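Just dropping this structure here.
By letter and in written order, the chains are A, B, C, D, E and F; residue numbering begins at 1 in each of them.
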Amino acid sequence: MLDRYYDELEVGTTWHSSRGRTITEADIVMFAALSGDWYPLHTDKEWAGKTRFGQRIAHGLLVLSICSGMWPIKPGAVVAFYGIEKLRFTAPTFIGDTIYVKLEVLGKEDRGAGQGVVTLQLEATNQRQETVIAATLKILMNKRPA
Amino acid sequence: MLDRYYDELEVGTTWHSSRGRTITEADIVMFAALSGDWYPLHTDKEWAGKTRFGQRIAHGLLVLSICSGMWPIKPGAVVAFYGIEKLRFTAPTFIGDTIYVKLEVLGKEDRGAGQGVVTLQLEATNQRQETVIAATLKILMNKRPA
Amino acid sequence: MLDRYYDELEVGTTWHSSRGRTITEADIVMFAALSGDWYPLHTDKEWAGKTRFGQRIAHGLLVLSICSGMWPIKPGAVVAFYGIEKLRFTAPTFIGDTIYVKLEVLGKEDRGAGQGVVTLQLEATNQRQETVIAATLKILMNKRPA
Amino acid sequence: MLDRYYDELEVGTTWHSSRGRTITEADIVMFAALSGDWYPLHTDKEWAGKTRFGQRIAHGLLVLSICSGMWPIKPGAVVAFYGIEKLRFTAPTFIGDTIYVKLEVLGKEDRGAGQGVVTLQLEATNQRQETVIAATLKILMNKRPA
Amino acid sequence: MLDRYYDELEVGTTWHSSRGRTITEADIVMFAALSGDWYPLHTDKEWAGKTRFGQRIAHGLLVLSICSGMWPIKPGAVVAFYGIEKLRFTAPTFIGDTIYVKLEVLGKEDRGAGQGVVTLQLEATNQRQETVIAATLKILMNKRPA
Amino acid sequence: MLDRYYDELEVGTTWHSSRGRTITEADIVMFAALSGDWYPLHTDKEWAGKTRFGQRIAHGLLVLSICSGMWPIKPGAVVAFYGIEKLRFTAPTFIGDTIYVKLEVLGKEDRGAGQGVVTLQLEATNQRQETVIAATLKILMNKRPA
């Protein structure tokens, strides 16, 4: 998907990750560490055990970050990650869950000068076929060099 | 900010981080590692040097994640991070830049049953007073226990 | 506690952490890695299984370091961590244990010139209400700016 | 072994690690992160569960790297790690396995000028006495300073 | 390259990484940490400064590990990394160097039963066009499923 | 030092680390991450630049932890790290400083039953020959097995 140029993508083009990634306790600890977010729902087994989740859950931004590392990106095709139009964390990710990613081109906006903005629908699912993240992303991409 | 309950927040309430955090080369390498996103704009000095940025830049999601770790959260006040309404990465973060965070309550939505959704405006700035992230976040919070 | 100035603390003032932190296998591996201390009591399941602990235990300095990250510190209030008066590792921390921290002001020593040394009693406990660390710390603090 | 000089080693000299190291899920995640190798056999519990291994296995290069950190090296004795003559990953390493290392001097090659190349046989075994790596290494070493 | 099946590769087929990766001080510290190899040539600026390299250099196995994470692997195409036929670390990698990878199929060996062993020549180069690693690898691969 | 048994140590026995370790920016970031202590004196370049240190300094507990990983420990010789009698952080450690460790046996206390407590004086110095940590440690050790 992001391994192609702007003009090689069509509205409706989809991409599925060819692998999953299991979210481990180590991932959650490392993300808490790197981000500084030690909210006990993620990092305190005793406390999390008393919430409605019954256990620790992964940080939503950890799952989103992991998704962003699962799609191949062609150097030179992507100029910049513009932003997020809308994002919902729709289900919790528990330790040991495995995440898969789907992307779909929702829209294209020609900016002239060899570039365009692509709107992508990101859907992250787990091994129980639950959607855990649904988001609309904006990416500035290059057209294929002449 | 998130160290208070739903009913203790007012539209217009603001919070500024009392410290900054310098984004180091190590942060970028660790985020590339954890997320799996080794796009050369973040991790290849030679390649990044030839882009319009002239150097490597931090992943947008790294900066967002770091912001999420800078505000204090009272255990029990926050139920869940619902999602993002809109987010823009408005300026690059270079190695050695220092990030500060500002939050402002934009809206409140009572959900009854002791909970409510708070809409927050997040603004991340650097030591040059440039805004690097502007985002609208939705957080599900508890009211103060009776 | 350390989010106040020297003159805002009284002998006898106490502070309890509002959250716990579960010590995971990942924490122990990361501390072994960062410190270089791979003593098999911490990192060799077979060997540790034959000691009187029956399993791997966390490094004492890991637990102490984690305690040091659990209390909020007001930038400008703390000048320097002077040292430790006395410290005892009083019980082992196993993988999966959760740690809580209590601080109490034991003494204050005015140094003039806007500063003073505070003596703190640190007590770390686990989810079984066992004390795992008891220590007396010396911190150089600022008085509230005029 | 590598804590001695070239002329203090004999063909046939052996060394056994005095400790083992348990390969944890955290080690595998950290190695996947650092190397960028997220092949699902190492990092996707669902996918690995369907292979002939029935579970995730450690990266071969992780186990080799861990071996390289288990032998003591005298600063000044080793000049450079020349290379590997032959290496076989002979059995999988599962999460929770513990690794031990044995080295044996296979050959010595005097290079004059105070240096020589030592050929070492590396054998890594686990707690089930299975050999997981067998390799022949070439190390450039210094002779004892006069 | 490893994103194809055994029968889709020909002797002489080559693959070049589409991105480079800069080896940072953080990478070296993290590899020293994970492996346990703190040899001062890699981690002691003062000591390394007095060697013929004049500065710290990356661990050879770090550079090899990073290479292994730069090629795309199709899940299901690779069965196992068999081993290394011969490997030479031919030039040092300094902090800030950027690494690129080239693979070439040297040989194929049909094993029947839907599998075969591929012999690959790995060449890692830096931004000065120096070869830093030359190695021959053996990989057990699947044929394309019928 | 800790690679010998209780009865093989004498009051006055000393040990010097055969290598140094350079404290990097990555070490400080990783320790801030793992401990959760993001005090700006360690992690905010702008803020630290205005203190009397003029730059970021390493956490005292990071330097102490690194010291603890520099001495070799014989498995079975050390039973437990009892505690610290007194510890002073006597000088700051800046990014790029290199640390060396010296241990000296100050006292021995026979506990019968094959064990004894050793009191050690730890001194950490840097490349400018400044003492950065002075501490008295208590270690419970085994006597040589009969």
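Heads up, the rule we're going with is that a contact is a pair of C-beta atoms (placed from the backbone, for glycine too) under 8 Å apart; a residue touches a chain by one contact, two chains touch by 3 or more.
As the structure is a prediction and not an experimental result, all values here were calculated from the model.
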| item | value |
| --- | --- |
| Set of chains whose contacts include both subunit D and subunit A | B, C, E, F |
| Chain at maximum distance from subunit D, centres defined as averaged CA atoms | B |
| Taking each chain's C-alpha mean as its centre, the one farthest from subunit A | F |
| Contact-richer chain pair [B-E vs C-F] | C-F |
| Length of the line joining the C-alpha centres of subunit C and subunit D, rounded to whole Å | 36 |
| Length of the line joining the C-alpha centres of subunit A and subunit F, rounded to whole Å | 42 |
| Per-residue multi-chain contacts in subunit F, two or more chains | 19, 21, 24-27, 29-30, 33-34, 36, 38-40, 44, 47, 75 |
| Chain contact topology (line, ring, star, complete or other) | complete |
| Contacting residues of subunit B [partner subunit A, same complex] | 21, 27, 30-32, 34-41, 44, 47, 59-62, 64-66, 68-70, 73, 75, 78, 80-89, 135 |
| Complex contacts: residues of subunit A adjacent to subunit D | 19-22, 24-27, 29-30, 69, 96, 98, 127 |
| Residues of subunit D that touch subunit B when the two form their complex | 30, 33-34, 36, 38 |
| Subunit B contact footprint on subunit F (complex, rising order) | 24-26, 29-30, 33, 38-40, 43-47, 56 |
| Residues of subunit C that touch subunit B when the two form their complex | 18-19, 72, 74-75 |
